[in-house]
Every structure is written in C-alpha cells, then in structure tokens.
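You will see chain A twice below: alongside chain B first, and alongside chain C after that.
Then we have the complex of A and B:
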C-alpha cells in the first residue's frame, strides 16, 4: 500500500507541477486530480480472471449460489473503495502542498462512481475476450495504452489537436474523461453518456458472458 | 416438497461431452445415462481420463454437455446453476475454495454468508461441521497454513455447511490418512441414511466406500462400462481370496500359484469359487488346518481388473 501511495504521490507531483507551470485553466488541475484518482484507483482484474479461466479455477467460482458477475463486482468495488479515496487524498495533499487552485465539485461522487462501474464492465468484457488468448500480455499493454489515451487521463480532450468530439463517442472517454470533467466542474448532463455506455455494456455482457462460458466449457477449461 | 419426493435428485440421459482443443477433439463422455434418488449413494469409478470429473462438472452445471441432458431436481444445471448451487455441495479435489489469508472459521463464516446463513444459525452450523470433521482445533488457523489433509477436510466442511441435499464429491480424500478417511465416510453415511442426502463420489481411494455407497457407475473412456450394485460389480470377478492357517508348517509342495508366508504356517491363494472345495481338500492333505478364511476381492482389485480390460 505504501508503495502504491508513493507511486501516486510521484504521479501527482509531476502532473501538477507541469500543469501548474503552464498557467492552465483552474478546472484542468481538478480534472487531473479526478482522472488520475480513477485511473490509478480502479482495480485491474482482467488478468486474474484470465488466469482463473486458463487454470480451471473458474469452475469453483461458478458453482456458487450467487451470480458470478455480481460476486466479482463486489470484490472490485471493495478494492476500489479502498484505493480511490486514498488516491484522492494524496492528490488533495499535493494540491495543498503546492498551493494550487484546484477543487472538485459535489458531482464528483456520482461521477467517479459511474466511472468505476463502467470501468468494471469494460475490464470484464476485455477479460472475456482474452479467454481464448494464450499470451494476453500484449493485449493488456494495449488496454493500458488505450486507457491512457482514449480516457484522456493525462491530457484533457480540450487540448487534443483538432476536434476531440469523435473521441468523446468511445467508451474509454465515458469511463475516465467525462466523469473527471464533471468532477472538475463540467456539466453533469455529460454523465448521461457514461450511463448510456453502462447500459450498452450490460447488454453486451448479457450476451457475451454465457457465450464465453460455453466456449470455455467446449474446450474443457472449467 | 411432494414434487421433489417423486422426482429423482439426479437424472442423466445420453450425456455426451466432446472437448474441442487445438490438438483435436477429445470425447470425454458418451451416452451416459443414470439416475439417483434421495438418500442413494453412487460410486463413480474409472481410471484417469475416464470422464468422472467431467460428469461431476456437468452435474454441477459448470460444463455444458453437447449431447443428452442432465437434470438436478428436474432442472437443467447449466441454466439454473446459481439456483441449484444452493442445494448441492461440491468438492473438486485438488482445487481450493478457501481464501488463504482467512482462518478456517472466517472462511466458513464467509461461505455461510454466501449461502444466506447468518447469526446464531450460522454459528451453530459452523460448530456442527467443525466437530463432525475434527476441525475445531484448527478453526483459528489461516487456510494457507493447513496441511493437505486439513485443507481437504475444510473444503468438505464448506460443502457441508449449507446442509446440501446432494453431494458431488470428486476425489475428496486426497491427503487424508486412514482415520480421517474413515471419519469422513462415517459422516457421509450418517448424512445419507439420516438426512436423505444423495451422494455421488468419484475417488481412487476405494477402501471403506462400499459401506456407504450401494451403487457403482464405472466409466471407461467416457462410456458407462457398468452401472449397478457395488456387490454385483464385485461378483463379476471369478476369484476369492482364500487364506489357510496351519497348526504347524505344512509338508509337501504347495500349488505354484499360492503364496506361502510365516515360515510355512500361512498359505494364500486366489481361487475360483467353484474350485474352493477342491483347494481345501488339497490343503488338508498338506497339514493340520487351523483356520480358513475366504474373502471377496477388494474394490481396488475389482477396479484393477476393470481398468485392465
């Protein structure tokens, strides 16, 4: 935990020092505070799930009187609720120490919560898609790069060359950019986009999850 | 509940499972048909790769059969897995459901919560299974520090905690010593006889199983090679163990297929039932016979023969 918090401290110090010196609008610092809290605070579980599937451990998780996805979500949420507040606190401490004019709106809580939920669905979908892969590490690296870029975690979409409108339409922006933007004082109505993606991914998972299990069953990997 | 009394607990009709892997197809089960009622016990026997674990996973709703159908209390286990999991207990030997950092008691409490056990009822159930499986002294020990035998007893405790009506046990005796195995078998018998728990047990450790399970299903390369009473399975073998104890070391030459031990005091042989009278006459000619015992072949020997054929 100390190592993890030390790492988030370094990231915040570097980002806030950099953006603080650029005379960026005040909301940018609040945005980075919230975006990094989400990005660094959300648990990564796809590789664990992938491993469980490959090793046949999934069978034990499935044979429970409790929906597997809900059980996994509870575990994810418990970890996230432990991590995200700490990252937010570290970010706040750095802002206070550097004397920067950054703040988070009252909408931060629902915004970050929706971001957490959408990230869970994205991570689960990704895990199901990697079940067939025997070397998913490259795919995992790709996912992290997409999170950073598509989620606009380091550079808000407003600063992207050309129009960032198209990027707004993809789910990673709805996971990180929009909740962080709302947390930093943006229009709360943007959260409807995140909510929309949550519904889309719920629908997708309702079809994908049984198929992924059937595919594992067919290969005898459960 | 009248509904359940009429229906068998487990029904399998023409079950077929084929695994499609990169190296080709593997036919794991073919045309498996059987049923099991409340309070009945079925020994699932067969060599490695015969399909025992596959069959248990199909019944637990973890594997989807491509052919035939499985039913637990009339419901498809694949479709109603979550609902049915409330009613069966599962042990998959070699796979652990214990959280390594939690103590045995904490694991049991967590497990109980998943099955809706709470408060005094949960506490009472934990005490009951801990006592029944001799886990009381190790309730406070972290799961990661348990020996293999202790871990498997704790796994069994998880399966028994919610008072299941059906037990699906795949190699539950791994790491258990003879005494541990005996106490687990006694417990299973009690559950079966007094609480009407149906029992399917796949194991290579067969000693003592006969006292608890009355039926056997032998699988060979995924197909049913035998389905019937355990005693009938044994009767198929045409020999008995005959042991003759002499008053003094016997004279003359024993039959070449007999084993002599204890300095000529004991002679043992596998003899066909119809040849036993002739064999005994031969023995009487060798010396003064003190004691004769005739025993049926053990289940291990029965399986050895089944596996060889």
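Then we have the complex of A and C:
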C-alpha cells in the first residue's frame, strides 16, 4: 500500500506541477485530482480472472452458492473503497504542499461511485472478451493506455480538438471524464450518461457472460 | 583478468541466448514490442494535443518533449535490453536464488546484470531510435547521450537493488521506482519547484535520463558531465553491490 501511494504521490506531483504552471481554467486542478483518484484507485482484476481460469479457481468460485458477478463486485468495491480515499488524500496533500487552488464539489461522492461501478463492468467485459489472449502483458499496456486516453485522465476533453466531442461518445469518457468533471464543479446531470452506460453494460454482460463460460467450458477450464 | 577476458567471450552468446529465450513465443514477443511502440506514440499524441493548446511551457516546447522522450525511453530500453538483470537482482537476493549464481567462472556482477532481456525494453529502444531518426539528430551525440543516460539508470537501479544484499526488502520497490523515474524523466522539467529539481538532479536522477541528454544532443555539450555522473552512479552501485555481497546471507542459510 505504501509503495502504491508513493507512486500516486509521484503522479500527482508531476501532474500538478505541470498544470499548476499554466494559465488553465480554475476547475482543471480539481478535475485532475478526481480523475487521477478514480484512475489510480480502481482495482485492476481482469488479468486475475484470466489466471483464475487457467488455475481452475474460477470453476470453484462459480460453484459457490452466490452470484459470481456480485461476489466479484463485492471484492472490487472493498478494495476500491480502501484505495480511492487514500489516493484522494495524497492528491490533497500534494495540492496543499504545492500551494495550489483546487477543490472538489459535494457531487464528488455520487460521481466517483458511478465511475467505480462503470469501471467494474468495463473491466469484467474486457476480461470475458480476452480469455483467449496469448500476450496478456501487451494487452495490459494497451488497456491502460486506452483508459488514460479515452478517459481523458491527463488531458481534459475541453483541450482536445473539437472539445473531444467524438471521445464523449465512448464508455471510458463516462467512466473517468464525466465523473471527474462533475466532481470538479460540472453539471451533475452529466452523470446520467454514466448511468446510461452502466445499463448498457449490464445488458451486454447478461449476454456475454454465459457465452464466455461456454467457451471456457469447451477448453475444460470451468 | 582472465575472468574478464572470458566474460567478453561469453557475453555475446549470453545475450543471444537471452534474446532466444524472449523469442520463444514470437507472437508474445512482437506484441510486447508493439505495445511499447504504440503506448509511447499515443502518449506523444496526447502531448501534441496539449502543446497545441499551450505551445510553450516555461520555455519547453513540443520538439523538446519529443527529444526528451526519445532519450529517456532509449536509455531505459538500452538498460532493459543489455542489463535487464539489474531489475531482477533484488528478487535473486531476497529469495536466496543468488547463491546458485555465485560460483560462475566469469565476473559475477556483469553476469547477473545480463540475466534478463525484456522485449518491452527492446520496444522502447526501437521506438527511441526511430524517433531520433525522424528528428534527424546528430547520431554521434545521440548515441553517446543514450549510453551515458543508461549508465545513470544502471547505477541507480544497481544501488537500489544492492540494498537487498544488506537485508532490506526492495523487490517490490523496484517497479515503482522504475515507473516513478519514467514519470519524472519524461515530463517538462521546467515546471517543478526548485527543491524538487534538486532532488531530480541528485538522489532520483530523472533529469539525467531525459531532459539533460536531450539538451546534450541539441547543444553537443554536457556529454562529459552526463558520462561522469553515469560512471559515478555506476561506481556507487557497484560498491553497494560488492560490499553488500560480503555480508550477504541467503534466507535460510
């Protein structure tokens, strides 16, 4: 945990030093604070699921008398609820140490919670879609890059050409950008988009999950 | 002396065998190389968009950033390709596996450093060389600066990993230190407060990996200082290793 927070500290120092030295709109620092909290705080579990499938543990978990997805969500949420507040605290400490003006609105809590939920669904979908992958390291690098870019974690969409209108149409923006933007004083109604994507992914998972299990079953892994 | 001459005969086939090890799964190898190339290029795209909006960050422009990235990732790539074992040294010491390697008939330290070749490092190196070619830099300066910067990185990680020989548990710290160094070495150096700058020029030598080598390539000066600093760090790391090895007791033994 100390190492994880140490790395978070470095990321915040770099980001806030850069944006704090620019004449950027006042909400930007708050946005980066929230976006990084979400990005750094969410647990990554897709490769763990792959490993569990390979080792046969997934079969055991599926045999438990609880819904597998809810059980996984519970574990995810427990880790996230431990990590995200710590990351927020580290960000706040860096802001204070560098003497920068940044704040988060009261809407941060529901906004970050919705971001957490959507991220869980995205991660699970990604895991189910990539069970056949032979190069997990490469996939991991690309997924992180997609999160950073598509989620506009280091560069808010307002600074993209055409205000990043196209990027707004994809789910990563609803996972990171919109919740962080609301946390930094944006319109709370934007969270409806995140909510919409949550419903879309719930529907998608309902179809995908049985198919992924059938594919694993064919390979004798569940 | 004989051990060293033996080493220089053994090193090329050793590197070759590490490469073949990494090549065992060609698809995974190329995927790792390509992932780094794509990752670094996409980051540059983000910065390109950033610099469209803010053309200059305290005197630092997009061209400076591209060169800084090329130097930093070239140095890290060179490290992981030639001396990737340094990143696994702490694990060897902490698990006791180091004992297996102690009786080798070649100088121990360079042998241990050559124990690992990371395809991702090769991806970084290839990406860096491609960017340098696109930028049309002076190759003599660029290669000297790359080697100097990778010496700094090697010395830093060797010193850090050697503390495991003294009983400290640093195995898990190394990836974080690596990622942190990458962050500090690749973002505009002009934005930090003076205290952070001093830190990044000394204890955490990130400026010696990206911004200073980049400046050396443009101006053709500062290469001696870079090499001097790199060799100094390497001597420090080697000392930490040899002194640590004298008092090293493997777990359980």
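In this text, the second predicted complex is superposed on the first by the 221 of 222 C-alpha atoms of A that agree within 3 Å, B and C clash if a C-alpha of one lies under 4 Å from a C-alpha of the other, contacts with A are read in each partner's own complex, and residues count from 1 in each chain.
Here is the rule we use: a contact is a pair of C-beta atoms (placed from the backbone, for glycine too) under 8 Å apart; a residue touches a chain by one contact, two chains touch by 3 or more.
What you are looking at is a predicted structure, and each value in this text was computed from that prediction instead of being measured.
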Could you check whether chain B and chain C clash or fit when both are placed on chain A? fit
Would you check which partner chain A:62 touches, where first means chain B only, second means chain C only, and both and neither mean what they say? first
Is the number of chain A residues in contact higher for chain B or for chain C? C
May I ask you to decide whether A:166 touches chain B, chain C, both, or neither, giving the answer as first, second, both or neither? neither
Check whether A:89 is in contact with chain B, with chain C, with both or with neither, and answer first, second, both or neither. neither
Just checking: does A:109 make contact with chain B only, chain C only, both, or neither of them? Give me first, second, both or neither. neither
Scan A:214 for contacts with chain B and chain C and give back first, second, both or neither. first
Could you say whether A:78 touches chain B, chain C, both of them, or neither, answering first, second, both or neither? neither
Once both structures are overlaid, what angle do chain B and chain C make about chain A, taking C-alpha centres and a multiple of 10 degrees? 90
Please give the least Cα distance, whole angstrom, that chain B and chain C reach in the superposed model. 16
Give me the intersection of chain A's contacts with chain B and its contacts with chain C, in residue numbers. none
Please name which positions on chain A make contact with chain C in the complex. 3-4, 6-7, 10-11, 13-14, 17-18, 20-22, 98, 134-135, 137-139, 141-142, 145, 148-149, 154-155, 159-161
So in the complex, the part of chain C that touches chain A is made up of which residues? 25, 27-28, 31-32, 34-36, 38-39, 42-43, 45-46, 49-50, 52-54, 57-58, 120, 172-173, 176, 179-180, 183-184, 187-188, 190-193, 196
For chain B, which residues are in contact with chain A within the complex? 17, 19-21, 26, 28, 54, 57, 60-64, 66, 81-83, 85-86, 90, 92, 95-97, 114-116, 162
Chain B-facing residues of chain A, complex: 56-57, 59-60, 62-67, 213-214, 217-220, 222
